[in-house]
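The two complexes that follow have chain A in common; it is paired with chain B in the first and with chain C in the second.
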Partner chain A sequence: MRRRFFSAAWAYYILLVIFLYLPIGLLIVFSFNDSPMVVFPLKGFTLKWYGALAQAREMLAALRNSLILGLASSAVATFLGTMAALAAVRYRFPGRGVFMAVSAMPLVIPYVVLGVALLILFSTFNIERSLFTVGIGHIVINIPYVMLIVGARLVGFPSSLEEAAMDLGATYWGTLRRVTIPIAMPAIVAAFLTSFTTSFDEFAVSFFLTGTEVTLPIYVYSQLRFPSRLPVVITLSAIVMTGSVALLLFAESLRRKG
Partner chain B sequence: MRDTRSRLLILITPPALLLIMFFVLPMLNMATFSFRQGAFGEERHMWTLAHYREFLRNTAFQRLLGRSIAMAFETSLYCIILAYPLAYFLIFRAGERRVALLTLVLVPAWTSFLLRILAWKLILSSEGLLSGLLQAVGLLAEPKPVLLYSRAAVVVALTYSWLPFVALPIFAALERIDPHLLEAAADLGCPPWRAFLRVTLPLSLPGVVAGFFFVFIPTLGEWVTPALVGGVDGIMYGNIIQDQFVRGLNWPMGALMSLVMLLAMLVLLGLLVWLLKALHVELGDLIG
Partner chain C sequence: MSGFSVELRELTKVFGTSHGPGNEVVAVRDVNLGIHPGEFFTLLGPSGCGKTTTLRLIGGFEMPTRGEIFIEGEPMSHVPPYRRPVNIVFQNYALFPHLTVAQNVAFGPTIKGVPRAERERRVQEALALVRLPNIGNRKPSQLSGGQQQRVALARALINEPAVLLLDEPLGALDLKLRKQMQSELKHLQQQVGITFIYVTHDQEEALTMSDRIAVMNEGQVLQVGDPVTIYERPSCRFVADFIGETNFLRAQVVGKERDRICLCVAGERVWAGATEEPLREGQEVTLAIRPEKIDLLSAAQANGAALTGVVREVVYLGTDTRFVVILPSGETVVARLQNIGGHGLGEFAAGDRVKLLWAAEDARPLTG
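For the complex of A and B:
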């Protein structure tokens, strides 16, 4: 009886995993398919789409923009989010509740609302849309995540370590640099990587804030209407997917170790 | 004491300033913008209630908002129905391998959002996987899109996208349940199904509620998935907001619509907080 239930549960798990991986597997399969059309039936194995990547100049420019944007916006988000987490976890002050509520708000606001609100703001103040404005959007999105990840780590170790350092004559900022930050480092790195992958994949907000320099998701979206460009787009995406999964597995292992 | 205060100010000022400038201010600015005649030229400086009147008069907007709430609700429900047994299996049947098996479920959620929707388009299109399969078994006579460009396609693609995010909080909630409670229930002669209903399920509810909102919030604001697989039938409220900025160029109307969505979301969140209080759950427990 128990044995049968056990295998039914396994069957359910395996079916769900197939359901989850099938669409992604399909894209990877098509990246090796020897046909300019992304339709069934498959036409045979080729590596030519991988070769064609080197010529896809616009796409590589978009990839470069996304990498720069991801690195810069997550660096700022991680820096500011860590400061906010330190303030929220280690201090009691009037308005702390309001501060925490406002900084968590971007988590519960639909992206379309955030994108539209920032678009109107930039237009009101005549700020030209560019990678910079997209970056602002990504920083606002990522600060709450950084606060959650780093904050959880700060709650997890007692402030007595910091007090001990200061009793022994270290200044507050010295303690921060040599005790607090090193202890929180796994969480800070995990927060950075999470922000980076979020920024790298973000589309719904970026769409409203982008200027002439497009990010990779925006480029991909613009290409979806041209079936002939799809194979190369899919091929790059297969590579990017593999890379981002590896990065997040690494971030996850850091977070769990922490 | 003064030291502590200046340290706090140094820590808190930069992030607070950024959030005020680029989060609080844009929301307030959006609210005032909804009273403007138009987004450009002279109209920018004229104030009007016309958009509010139009919004109240045009029941299509309200119906679409209601429909989007229903779609978000449905998607969240399907995610929970699929994810709960999964999390249950991982916690109670998978033993030591549970974290590895959970990670396997989470990995697809880390891949490109746009590309996953594109993949669904490939599955559902007329030359797609599903159409081919149905033809092979004789259920479909000719190549035809299956589900594509419908409300159902949007719900399927969104359920697919968010399922792993729901498995995570339910997994965390089940993981926290003390196994002794279930042993005690069994010792006292409680049959397993009853122990599930009276011990496991109530204790895992915070995870279920958290999972629900992980899906509900982003789904309510969706416009990308319906734009790609929804067609006319699968359009959501987010699409008409996007439309005001891209094609309609009626920015103040778009600002008003987005304000309405913001308010709807805040009301629903208020409901959540009230519900959690009723369930005696601390908000902090949800993040776990």
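For the complex of A and C:
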């Protein structure tokens, strides 16, 4: 009985790994494949797609846009989300429940709906669509994640630590700077990295809010109409994939360590 | 100037008003206390009686609903925690996990901008004071409970506060370490001469360590006094019951002599010590008497004013023996006799008729 359960669990796990990682593995394999057609059998080893990638100006511009957007929007989201988490976890104030619910809302609203809603908002105020508007969208998306990650960390250590700091002469700001923020730091970094990866591959909200300068996911999507560009897109995806996984593993290790 | 180190005047704290009426908890109710400089003062009471809240009010972590706190004569209502001349040792120690032991201890002086050389010297002194040299570079998570306790003490004492607040500081330690830390803490307090306000629900700890004790229940202070007064002359039934074991018997006042009172208990005349408050003849009171103050004699040895009862249970406790005696009124009385010279153990068995005797001043009539 027990043995049967374990073998079933193993089968399930192996299937999961195959479905999750096979496509990713293929991506990397095809990025080295010496053929414009993305089909088996493989032709031969080449680095020419990586070379072609270096020439793809528009794609690199999109990549640069996404990096800047990701860094800036996650920095803002991390700052605001951390402040919100501090307020929510550490202070009792009237309307705290409503505050929490409102902040967590983007978690449950479909991104498509959020995108449309923000689009309407921006056009109502005659705000030109641009990377800036996309950034606002990403900040809105990421704040709840930051709140959850940082909030979990804050809940995990007793508020008597902050009281002890104040008892020993630290002001509210001194306590924040010397005790609260240092203790929450692993979670804050993890939240930043998580926000960054979310922003970096976010599509739906970006699609509605982007202007003339596109982000990488939107550019990649637009390139799918041209089969000849597919290998370069695959190559870029392989690189981005590897980078994202490395980043997430790093974020997770930070979260565990702290 | 009151001359008190800490003075509480009509201090009251009501919690939970933000959830609307009906949910209010009066954690501290009209507490008046004056604590002398250099005193080891203990707040003693059962769980939830408001000890921690009182301490947090003094530390500035809660705002009083009513009343005022004076520390060294200064009113504290508008003074934030970080400017009060007090330090607190939290029950869970609250050591900063991201700092080393030395950095933890140096926290207060660092904030106050004490120069580095002096700071390091004071950290060494403080760690030596709590007998923990040579662990400055460790993280709190690498210390035992007793060591963490001492670091928390050093971190507070390095600031040379006028008053040190301690919230069940030994609560998390095992019994043996606790006993050892009790005497260490007491010595430390005498050595540094700082006023200690100590919270515990352990009556033995309170009795052995304190100069004075305030017994609390349901947010109120019921009695303040030195350990002997609290134990020997409890002011009310709660105090007598909470501290040590006490027999309570229904009694009626019969008459008075100079320093003793004659009572009628279970149909017999007995004597008790005089009380501060005057008692009327015929008044119903509760007679409180501790088990170890009662002596037993066999009923045959007839002897003036004494209760008569039947032994129901004999329990051997090593140093002494515990007898449960039933009175004709149905009330039970517990007596403890020391196992010395054949008296007590083996002298009486279940079913024996015995007389219960005590010195008048050991029995107290209580009205509350």
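One rule holds for everything that comes next: the second predicted complex is superposed on the first by the 247 of 258 C-alpha atoms of A that agree within 3 Å, B and C clash if a C-alpha of one lies under 4 Å from a C-alpha of the other, contacts with A are read in each partner's own complex, and residues count from 1 in each chain.
Here is the rule we go by: a residue touches a chain if its C-beta (ideal position, glycine included) is under 8 Å from a C-beta of that chain, and two chains touch if they have at least 3 such contacts.
Computed from a predicted structure; not experimentally measured.
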Overlay on chain A: chain C relative to chain B, clash or fit: fit
Contacts of A:105 with chain B and chain C, given as first, second, both or neither: first
First, second, both or neither for A:190, with chain B first and chain C second: neither
First, second, both or neither for A:179, with chain B first and chain C second: second
Superposed arrangement, angle subtended at the Cα centre of chain A by chain B and chain C, nearest 10 degrees: 90
Which superposed partner A:118 touches (first chain B, second chain C, both, neither): first
First (chain B), second (chain C), both or neither touched by A:168: second
Which superposed partner A:157 touches (first chain B, second chain C, both, neither): second
Chain A residues touched - chain C or chain B, whichever exceeds: B
Partner chain in contact with A:63 - chain B first, chain C second, else both or neither: neither
Lowest inter-chain C-alpha distance for chain C and chain B in the superposed arrangement, angstrom: 7
Touching both chain C and chain B, counted on chain A across the two superposed complexes: none
In the complex, chain A residues that touch chain C: 92, 94, 157-158, 160-161, 163-171, 174, 178-179, 182-183
Chain A to chain B touching residues, read off their complex: 6, 9-10, 12-13, 16-17, 19-24, 26-27, 30, 37-41, 80-81, 83-84, 86-87, 91, 93, 99, 102-103, 105-114, 116-121, 123-124, 136-137, 139-140, 143, 148, 152, 172, 197, 201, 203-204, 207-208, 217, 220-221, 224, 234, 237, 240-241, 244-245, 248-249, 252, 256
Sites on chain C touched by chain A in the complex: 18, 59, 61, 80-83, 86-88, 90, 92, 94-98, 107-108, 111-112, 155-156, 159
Interface residues, chain B side, partner chain A - complex: 3-4, 7-8, 11-12, 14-16, 18-19, 22-27, 29-30, 33, 39, 82, 85-86, 89-90, 93-94, 99, 101, 103-105, 107-108, 110-116, 118-120, 122-123, 125, 127-129, 132, 160, 163-164, 213, 217-218, 220-224, 228, 238, 241-242, 245, 251, 254-255, 258, 261-262, 265, 269, 287
